[in-house]
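Right after this note come the structures.
Here subunit A shows up in two complexes: once beside subunit B, once beside subunit C.
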Partner chain A sequence: MKHAFLDEYSGLQSPMHRLDPRAKLVGLVALVVICVSTPPDLYAAFAAYLGLELILVLISRLPWKHVLGRMLIVLPFILVVAVFLPFFNKGGGSYNLGPFTVSAHGLLVLWNVAIKSTVSVLAVILLSSTTPFPELLKGLEKLRVPRLLTTIMSFMYRYIFVLSDELQRMRRARDSRGWSGKWLWQAKVIGHMIAALFLRSYERGERVYAAMLARGYDGGLRTIYLYDFGAVELGFVALVTLFPLAARLLAVG
Partner chain B sequence: MHIPDGFLNSGVSIATGVVAAGAVGYGLYKAREELDEKSVPMLALCAAFVFAAQMLNFPVAGGTSGHFLGGILAAVLLGPWLGSLVIALVLLVQCLGFADGGLTALGANVFNMAVIGTILSYYFFYGIKALLPKSRTAFLAATGAVAWLSVMLASGAAAVELAVSGTTPLSVTLPAMLGVHAIIGVGEAVITVLVVGTVLAVRPDLVKTYGYQPPVPRFEEAEVNQ
Partner chain C sequence: MHHRPAVEIKGLYYAYPDGTAALRGVDLTIEEGESVGIVGPNGAGKSTLLLHLNGILTGHGEVRIFGLPVEKRNLREIRRRVGLVFQDPDDQLFSPTVFDDVAFGPINMGLGKAEVAAAVSRALEEVGIAGMEKRSAYHLSYGQKKRAAIATVLSMNPDLLVLDEPSSNLDPRARNEFSALLQGMRITKILVTHDLPFVFENCDRVVIMSRGKIAADGDSFSILSDEALLSTHGLELPYGFYPVSRHTVPRPSEREVEE
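The block that comes next holds the complex of A and B.
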């Protein structure tokens, strides 16, 4: 079974991987917030954010192919929503591009969403590809995210792989019986597959709950937290918040 | 499709974030009340189910495909609040695990899909269901109609948020989003009806909003011959 998703490469060894998840969460979320709130014409500031992230990718030894592949996820949204903007928006002067007129304001809006979503998506990739998902959830819990939420999500993480295995088995069985769907009225098979998946998931949930009760489950989970928020973590948070902040302030002048 | 970072301004991000956090908070409260300690395994399995079901593409026309969203399915199966909590959990995992949907746009994505696409749409479903006769066919018809509507409402909300943020003009985005999602919504409706129909046939007790009453066997008073 092949399921290379979620926290792929989070098991590598690097200074980034060894950081306390809390430091990565706080630092990278701050970086995203700083980036999103930067006015689009401060080009130098965006160059600084990207530069910082590329250095962090180098430090974390993530394969570039993986990082670039993951970054493609914002592409559909930009293509559908934003790419036509230069042709529709008016104002701010215009350029002629063959038969089309391109407005400067529209170009600026397109640049704005493209660079901000790129910087932000890279920040989240840095977070999720250097932190095993259960550790990330424990970090969130230490940051006072409701315990019920993080516990449900850690169970979800456990069962997503089981259920996608289940689904792949069903899909293989379907395809080996010669199913090839091209039209919506052939979707009946998909409906039955999803219904079967729901029933199996729900019944598995009941079984898991019974098994947990039998092992003394009382609504809470006790886990250990192996990280320590030390000087390295403090330095990391300072780097990824103060450097972009300084870049942004200096870019104005 | 999830809104990435950078498309929304701070006002929209914060306003939708507050509403989304409120809905998730109330969902967690309802989960504690209705399921108690059972909520962890049950909600986790249901969320993992929606997550996995979204990976399954269905054909639309001539080889193009779309994937299932599941907002109304979750609401019909689990009720509006737990359903929206499940959808919010899926969005949260997609945001943190895949970078699908921005961190600062998380509130807006949860608002669109879990509040508008699940809770609000559920109350449309509730209204339509009350108007129709009480039968399995009517229940499925209401499910299908609202599944289509929920996709339209969620995409319309996204278009409005983008316009309010000053990213895209509403006059262009709204028709474009609604046009694309009118087709996606048909697929969503077909799949939702098929899934709910199958679950009703096999385990009607699991469709929470159907109000299934198991037949109670009647016992006649035993005749005692003297």
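The block that comes next holds the complex of A and C.
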């Protein structure tokens, strides 16, 4: 697996990429909250949310293939649940589709889940594909997310592939010695591997900690933040919160 | 002011929590500007000794770094002055980006934004990987990782560079370049390694550790050409290798660099 999986395309150059991660975090979370709290029958409001996001995708010059691909990864999980609702949910009148009966209320629930997950997933894609993960963490830290959490995520980002490489080496070593995985007694081997991986990670943790101490670590993980929250950032946050809010109010009107 | 050596260790004893004695009375003095190789079989206590140089481990006995006793109130200053580089760069490089890793020490020292940025680019420049600030350590080659690991301590402007197994896992070219890099750095150096030719190339003085003690201490040529001494302590030169007096063979840094 490639390391860039988490934040592929975050190294592109665009106005979206140059924004302070804090602005993107705050703005896009606000957009998601506004969207999720919108009643499902305000169709015009959802059109506005989606339109806004598509414009942001255009501005950030992300390849459409990448954006659609990412959406396809996530959406099925949500849709699988929702797609059965129109058949089982009762109320609000019904339509006959050949042999099936579809309830209007169920359809509305399906639409509700589908559009809200689409908007939310797009927001996440926009954020993760325009912000390198380390910058995102620093943004979170600046927004007062507990340092313990961001530190854990930062170590995860750094070591998850080191660990998976280690696991892969162990697997190769195991398979090279004739492990087939067909027999029950071989199951024990998996337990041993998990234990070995745990021990290795634990020991690595100790060595990393020693390396941190050696460079003056005293309990606080400090980093340097290279962004300024300026006029552009303010404008962005205003745009992605005020525009959907206005659209929503107008749609009610 | 009286004379203060870079490292002064007197009667150092250390046992691990499980009772294994790792150091049994180490005495060692290293002068400023020296380049010393510490060699010895596995389990001789070499790495344990290193961890005493900046107070990550503390045993019984006396350890002074540039005259400062290694104790709690001096740790901050000592850890700035002693740049300890661990064997596995994946332990040394724990931040999401190279910049953050190299900046880690300077930030802990309390430098400001601009000074930290300057220290980082200077350190990366010095080890020859300028411009890799934004890369993730995972994506560096092994040789680059080793360089980045050294940059993480150079950025703190240390007075003593301590390297654990600096040449391990490097291919011959990377090893050669690394050796030249080390020789270009005019600072007190301690190298712990099994790679005797590497020691011969880089150090004027060699210390053999064996069973938690200093077994021999002398200039590189006389120690490394003493086959009997080496084999007593489980060491041997690579087949076909015999050290010749330093002055007849140029070191990599003195050889002509081909482009």
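FYI, the second predicted complex is superposed on the first by the 217 of 253 C-alpha atoms of A that agree within 3 Å, B and C clash if a C-alpha of one lies under 4 Å from a C-alpha of the other, contacts with A are read in each partner's own complex, and residues count from 1 in each chain.
Keep in mind that, in the parts below, a residue touches a chain if its C-beta (ideal position, glycine included) is under 8 Å from a C-beta of that chain, and two chains touch if they have at least 3 such contacts.
Note that the structure is a prediction, hence the values are computed from the model and not measured.
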Partner chain(s) touched by A:D7 [first = subunit B, second = subunit C, both, neither]: first
Partner chain(s) touched by A:L199 [first = subunit B, second = subunit C, both, neither]: first
Partner, of subunit C and subunit B, that touches more residues belonging to subunit A: B
Which of subunit B and subunit C A:T223 touches, first, second, both or neither: second
Partner chain in contact with A:M212 - subunit B first, subunit C second, else both or neither: both
Touching partner for A:Q186 - first (subunit B), second (subunit C), both, neither: first
Residues of subunit A at both interfaces, subunit B in one complex, subunit C in the other: 133, 155, 157-159, 162, 204, 208, 212, 217-218
Residue ranges of subunit C touching subunit A (in the complex, touch as defined): 51, 54, 56, 76, 79-80, 82, 84, 86, 88, 90-97, 100, 103-105, 107-109, 113, 116-117, 134, 136-139, 152-153, 156
Subunit A partner contacts - residues on subunit B that touch it in the complex: 1-7, 10, 24-25, 28, 31-32, 36-49, 51-53, 55-56, 58-63, 65, 68, 77, 89, 92-93, 95-100, 102-104, 162, 166-169, 172-173, 176, 180, 186-187, 190-191, 193-199, 202-203, 206
Parts of subunit A lying in touch with subunit B, wherever the complex brings them together: 5-7, 29, 32-33, 35-37, 70-71, 73-74, 76-78, 80-82, 84-85, 88-89, 109, 112-117, 119-121, 123-125, 127-128, 133, 136, 146, 148-149, 151-153, 155-160, 162-164, 166-167, 171, 181-184, 186-188, 190-199, 201-202, 204-206, 208-209, 212, 217-219
Of subunit A, residues touching subunit C in the complex: 3, 11, 132-134, 137, 154-155, 157-159, 161-162, 204, 207-208, 210-218, 222-224
